[in-house]
Amino acid sequence: MSLKQQLESDFESRKHWALRRQMGIPNNRRLWVCACMDERLPVDEALGIRGDHGDAHVFRNAGGLITDDAIRSAMLTCNFFGTEEIVIINHTECGMMSAHTDTLVRALREKGIDVDKVQLDPDLPELTLREGSFGKWIKMFSDVDEVCARQVEYVRNHPLIPDHVTVSGWIWEVETGHLRPPHFRVGEKVNTNKAMGAK
Amino acid sequence: MSLKQQLESDFESRKHWALRRQMGIPNNRRLWVCACMDERLPVDEALGIRGDHGDAHVFRNAGGLITDDAIRSAMLTCNFFGTEEIVIINHTECGMMSAHTDTLVRALREKGIDVDKVQLDPDLPELTLREGSFGKWIKMFSDVDEVCARQVEYVRNHPLIPDHVTVSGWIWEVETGHLRPPHFRVGEKVNTNKAMGAK
Amino acid sequence: MSLKQQLESDFESRKHWALRRQMGIPNNRRLWVCACMDERLPVDEALGIRGDHGDAHVFRNAGGLITDDAIRSAMLTCNFFGTEEIVIINHTECGMMSAHTDTLVRALREKGIDVDKVQLDPDLPELTLREGSFGKWIKMFSDVDEVCARQVEYVRNHPLIPDHVTVSGWIWEVETGHLRPPHFRVGEKVNTNKAMGAK
Amino acid sequence: MSLKQQLESDFESRKHWALRRQMGIPNNRRLWVCACMDERLPVDEALGIRGDHGDAHVFRNAGGLITDDAIRSAMLTCNFFGTEEIVIINHTECGMMSAHTDTLVRALREKGIDVDKVQLDPDLPELTLREGSFGKWIKMFSDVDEVCARQVEYVRNHPLIPDHVTVSGWIWEVETGHLRPPHFRVGEKVNTNKAMGAK
Amino acid sequence: MSLKQQLESDFESRKHWALRRQMGIPNNRRLWVCACMDERLPVDEALGIRGDHGDAHVFRNAGGLITDDAIRSAMLTCNFFGTEEIVIINHTECGMMSAHTDTLVRALREKGIDVDKVQLDPDLPELTLREGSFGKWIKMFSDVDEVCARQVEYVRNHPLIPDHVTVSGWIWEVETGHLRPPHFRVGEKVNTNKAMGAK
Amino acid sequence: MSLKQQLESDFESRKHWALRRQMGIPNNRRLWVCACMDERLPVDEALGIRGDHGDAHVFRNAGGLITDDAIRSAMLTCNFFGTEEIVIINHTECGMMSAHTDTLVRALREKGIDVDKVQLDPDLPELTLREGSFGKWIKMFSDVDEVCARQVEYVRNHPLIPDHVTVSGWIWEVETGHLRPPHFRVGEKVNTNKAMGAK
Amino acid sequence: MSLKQQLESDFESRKHWALRRQMGIPNNRRLWVCACMDERLPVDEALGIRGDHGDAHVFRNAGGLITDDAIRSAMLTCNFFGTEEIVIINHTECGMMSAHTDTLVRALREKGIDVDKVQLDPDLPELTLREGSFGKWIKMFSDVDEVCARQVEYVRNHPLIPDHVTVSGWIWEVETGHLRPPHFRVGEKVNTNKAMGAK
Amino acid sequence: MSLKQQLESDFESRKHWALRRQMGIPNNRRLWVCACMDERLPVDEALGIRGDHGDAHVFRNAGGLITDDAIRSAMLTCNFFGTEEIVIINHTECGMMSAHTDTLVRALREKGIDVDKVQLDPDLPELTLREGSFGKWIKMFSDVDEVCARQVEYVRNHPLIPDHVTVSGWIWEVETGHLRPPHFRVGEKVNTNKAMGAK
């Protein structure tokens, strides 16, 4: 092979990388991830992927929650960018469990904010919340295993997400550095002979 | 120092990591990042941080846009988790510029979806969109430099974001692998003697 | 320095290593460790020492328990080999909690072993067990945190262990790969807003 | 393979590691090691195994001796945890040869300890020693090769150890950093033409 | 194989390296490169070759231009040293576009240099320039893509370069660290939905 | 320092690298190198610089000769790009010594080339050679030490090169992989007691 | 394979290494090297062997000369230790060419040494030198290529060296760091077109 | 510093290395080593020097013995090349102890060699052996510790070795991979309580 042919091939690869979206090339794993924005959640390490180098579209928000923005982002990647699998990651000791909704709303009001009148999306005044729902919009929750399991269902049933998409949900344990399915904690089975089921 | 003292100190560090949020410890850089979910945007590398290992809360959605979910997430971290700086990253060749809104809406309708009736947030029926605004809610855009600059303003002026928070916006160039401020492209200044300003 | 002097000094070091015990040189950390023999307990890594390369005398048995052999070994190192600190490590999911004493004794009897007549120490017939105590001698236990805390007391109060020796006890979590003090599990505080103490 | 399937498989592996004992999984080499607690005896390096990372149950006490505790530990692993091989390691320049029993007993008495009344196992008063046997219980010895060879026999013949278990004994030479069988010292054959058997 | 045979073979290799030219051995890739002398143009990295360790003859001058010296050098390697491919590299932001010819000539005259009388080649007075052509001889240019494309034609058509030689031309982008063909800039296609060709 | 300030500083550095020439920034060592294009001459390694990563302007042609193109390139860098030192490298076993001029000229004529009419520079017909000088223009030479020493003088005395520029010349020995000054070969002094000057 | 079998095999290997000579095991390459003791002659690197780790018997003296001691050493290894190849290495700039014999003898006499009466071998008074031969015994020489070639013949013809042994001689060039056969210097062929044999 | 100055300094270093002997530069450690040629004796590793890269003159023969050749080589380096220290290394399991002299002489005679008439040094017929001394000339020995100690004395007292030279002797243990002084074996002190001197 002449060097000319090799350089042409190299350039073609570079073009395919940079112009992926307009050329209709999906991400490497055809994967969309929804994860919490927490600084203790190493998404790539947890999933064994290289999300930042081509493998996946990684959506992250406070809580790793299926909001309207999550639906918008998943709708785009699944319907228009070739994605075929969704993985949701919540995590233990999430900030969303660190306080009660009332505590937060009261604190904001004390700062002088009128939570019922605030425009939620600064670029989309058409998006509105029924009065009195501001606290619910913050989405604090009380049990991470339940939230994770429920969100898998939300996505599976949403009309904007195609039926053939594979969906699963996982809990990242910040205290162990491992992923687990909801409602199954290895740590619960190891501390006493009763937990271990001794006969 | 006895080994006992050393082990006690090690355990204390581990506890501080795992229980950060309930102990009121902020992330290492007191930083919130808003970035696109694109697979070609390596957030940590672009910013020179270790977001996944303690440095920042990293919010990502389709486009890296300031949606209501972005405001919710930023509000939480700036008001309750100790964050003091916001960095917004958009990127060239974003999927949000790869098609026109009308094309997408038409495609969804052809799949049988009634875009005016769909519940946007599966967990929050109280959140609604004025009829006919579905296309605008997708948030396709036409010029990444303008979007980036405008979003910095949205955040600076939003009532839920404290005034003392530092805010800046950047464009990640997928074609160069570098970050730049909006409206300044190094590549525009290098190709002809006219671009180079020869005298 | 001539090479001769250097080689003499090197030889002296080697002699000090090989003849440590007869020259009265203690181990590097003046440390005795008592740990379970389990294959999932990496003693050096857990303690941040190099026990196998000079740092400590490492005693290990089934359970990491303070038996008569443990007392014998600790007595020798603390009274005659210069040791001044003791660290005890038990671990979660220990085999000593995997069954009840009765189950084991019955199994041995079914193999034809007369557990009341067996000579426990093949080299020391003078060591005997009161009849009916064989099951207790196996030392199965039911709660690893309690065992660990109790063993620290045993050692602190034993007449063969000098009073000035520092003693501490730790639990190795096989499910997290971390050490913790007895009765404090980080993992218990992270799963719901109730566990996290949300206000 | 979808990422979901991969994550499920990863979780299964983790569970098998953490819950080994209650799931009836043996250590990787089905091996029990009895070794001295000396700080110059690098067990893993000597045997070419990773004892601390799953390969073996490693019992260690003062001398690497077959005490009642050694029998207890070996009995558990061979009868209940799937072990099928036993390796015993003694070592040269062992502290157990560094003094005579009388010297030690006298020294303890001078510290005010009544060696005939001391309770050997703080958790098992049922275990007793015939009066006057305390010195023998310490188990000082005079020839490491003989001790090693003898201990192999003790284990082979003990009723609590199943007959099919493979047993071998080795001497670790602290002065060479190598293992050898008892009664065969390479170093004895190299120093004069007589030792070398010159013809 | 005896060591003697091995040493003979090693010596033969060394001789073939050192005496390449007189033994008629071509460079490894049978390649001649013409590149700018700029300090930001890493020739080996750009081409994926090891030009400095046997792969190519690398010609470099101000601009990477096909001068009479370039023709002389290419003529020698293609006709007498076995070369069969030519690659030309120009680069963005070249110093040759940083000023206009007139500016430079005026500056030299102000230093007292008589540009019409200067002997261009200090070893070859037979080489002369038509009066008034000094400025053109400096070879400042205005558009790097055009220059690159034109130079490929110059080489393909020059009588001193054999017809069978493969010739290609490339632009090194100092702003991206990548090579591209002339007249195709990836960066032009990524910034707005218009550039991206959104439908 | 906020991340914003750090990103601004990073961008400034990148701009300074890419726009060096138009911003008037010299190369790192203010150095111009003239070297042969030979594939056995590793310029960076020979000089201990990183020429391809900012350190120098590296001119290379057949022979490493001071041609009119060399003068043009040196003139530009010394007068307009901030260069203050010149290093010339010739090398042993250069192709320019591998044949006599007549042999080459005859070979070209046999290929049907009219060497007296050929246009030397395809882009500069104003550059001409006195008839019959074609062979001299090829610049074959007979002694590399002499050529190197002479070229240093050519550059020192040329009107287009400023007087304050430091100039030196070196021979790269392909047979040893080392640089030496002209007319001093270490290898000549080592083979017999006569060469070594034994007394 | 049980660990017992593996440890037995490991011990066997160690015994074979340590007791090589009495067990009749040759060195790995069945090789004897004769080299100068000079500090610039890296024998292993020069030959591509690991002489110090089992590959060869390496004889070294002042000059790398075939003395009676060299014959004694080669006789032993070739007749009794299984060696089948001999490699001799002399080197350029050897100290043996750095002075004339007379100069040295005079210097020793000036120190008060009676060179005709000195006992050469302190352990073998039976070894004597004909009077007046002391200077010759020092073995200074004048041409390293000649010495090397001659020594190969000495060894090939000596009655104490078996005929089937392969013998070769090489010159190490301290100025290039390469080995060459006697009477062939690559460096002689590279400096002028005459040396290069230009036509 | 200009690059010119740096290249001049580099060249000076290279000259000093290659022309050491004629410029009167000693080896780096002013050291002469006498060692056995055995393939299990890693001289550099044993001494912690880089003998092959400038540190020492390394003499090696069968046995590491002080022969006339050793005296010749030591005389040269100590009197003329600046050496000031001598280190002698013998080793355990040396081939020189693997057989009795008579066995070897008989074996040579059986091959048809007339050991009384053989010319020992092929280049020095003036060197002769008293008849009947051939066997003694082979220098087999019976105790390596005695030989090592005795050789130190030979060198200290030899008239050709200056008095101020430091001399020491060491035994390399092939069975341990360590150096020791003669008559002191660490391995002798570690095997029984008697060897360890227990009280």
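Order as written gives the chain letters A, B, C, D, E, F, G and H; numbering starts at 1 within each chain.
Operating definition for what follows: a residue touches a chain if its C-beta (ideal position, glycine included) is under 8 Å from a C-beta of that chain, and two chains touch if they have at least 3 such contacts.
Composition by chain, UniProt nomenclature: A, B, C, D, E, F, G, H = Carbonic anhydrase.
Bear in mind the structure is a predicted one, so any value in this text is a computation, not a measurement.
Fitting chain E to chain G on Cα positions gives a rotation angle of 90°, stated in steps of 5.
Legend: contact pairs of E-F compared by residue number with E-G, C-D or D-H; the interface matching in over half of them is C-D. Chain A and chain F have centres, each the mean of its CA atoms, that are 58 Å apart.
Look at where the CA atoms of chain D average out and do the same for chain F: the two points lie 72 Å apart.
Each chain gets a centre from the mean of its Cα atoms; for chain F and chain H, those two points are 51 Å apart. If you average the CA atoms of chain A and of chain B, the two centres end up 13 Å from each other. Within chain E, residues 18-19, 21-22, 93, 98-99, 174-175, 178, 186, 189-190, 196, 198 each touch two or more of the remaining chains. Two chains count as a pair here when they touch; such pairs are A-B, A-C, A-D, A-E, B-C, B-E, B-F, C-D, C-H, D-G, D-H, E-F, E-G, F-G, F-H, G-H.
Contacts from chain D toward chain A in the complex involve residues 2-4, 6-8, 10-11, 14-15, 18-19, 21-22.
Chain E contributes residues 29, 31, 47-49, 85, 87, 166-168, 170, 178-181, 186, 189-190, 196-198 to its touches with chain A in the complex. Those residues of chain B that touch chain E in the complex are listed here as 92-93, 97-100, 103, 140-145, 173-178, 185-187, 189-194, 196, 198-199. The touching residues of chain A, when paired with chain B in their complex, are 17-22, 27-28, 32, 37-45, 51-62, 65-73, 75-77, 79-81, 93-95, 98-99, 104, 107-108, 111, 113, 118, 120-124, 126-130, 133, 136-139, 150, 154-155, 157-160, 174-175.
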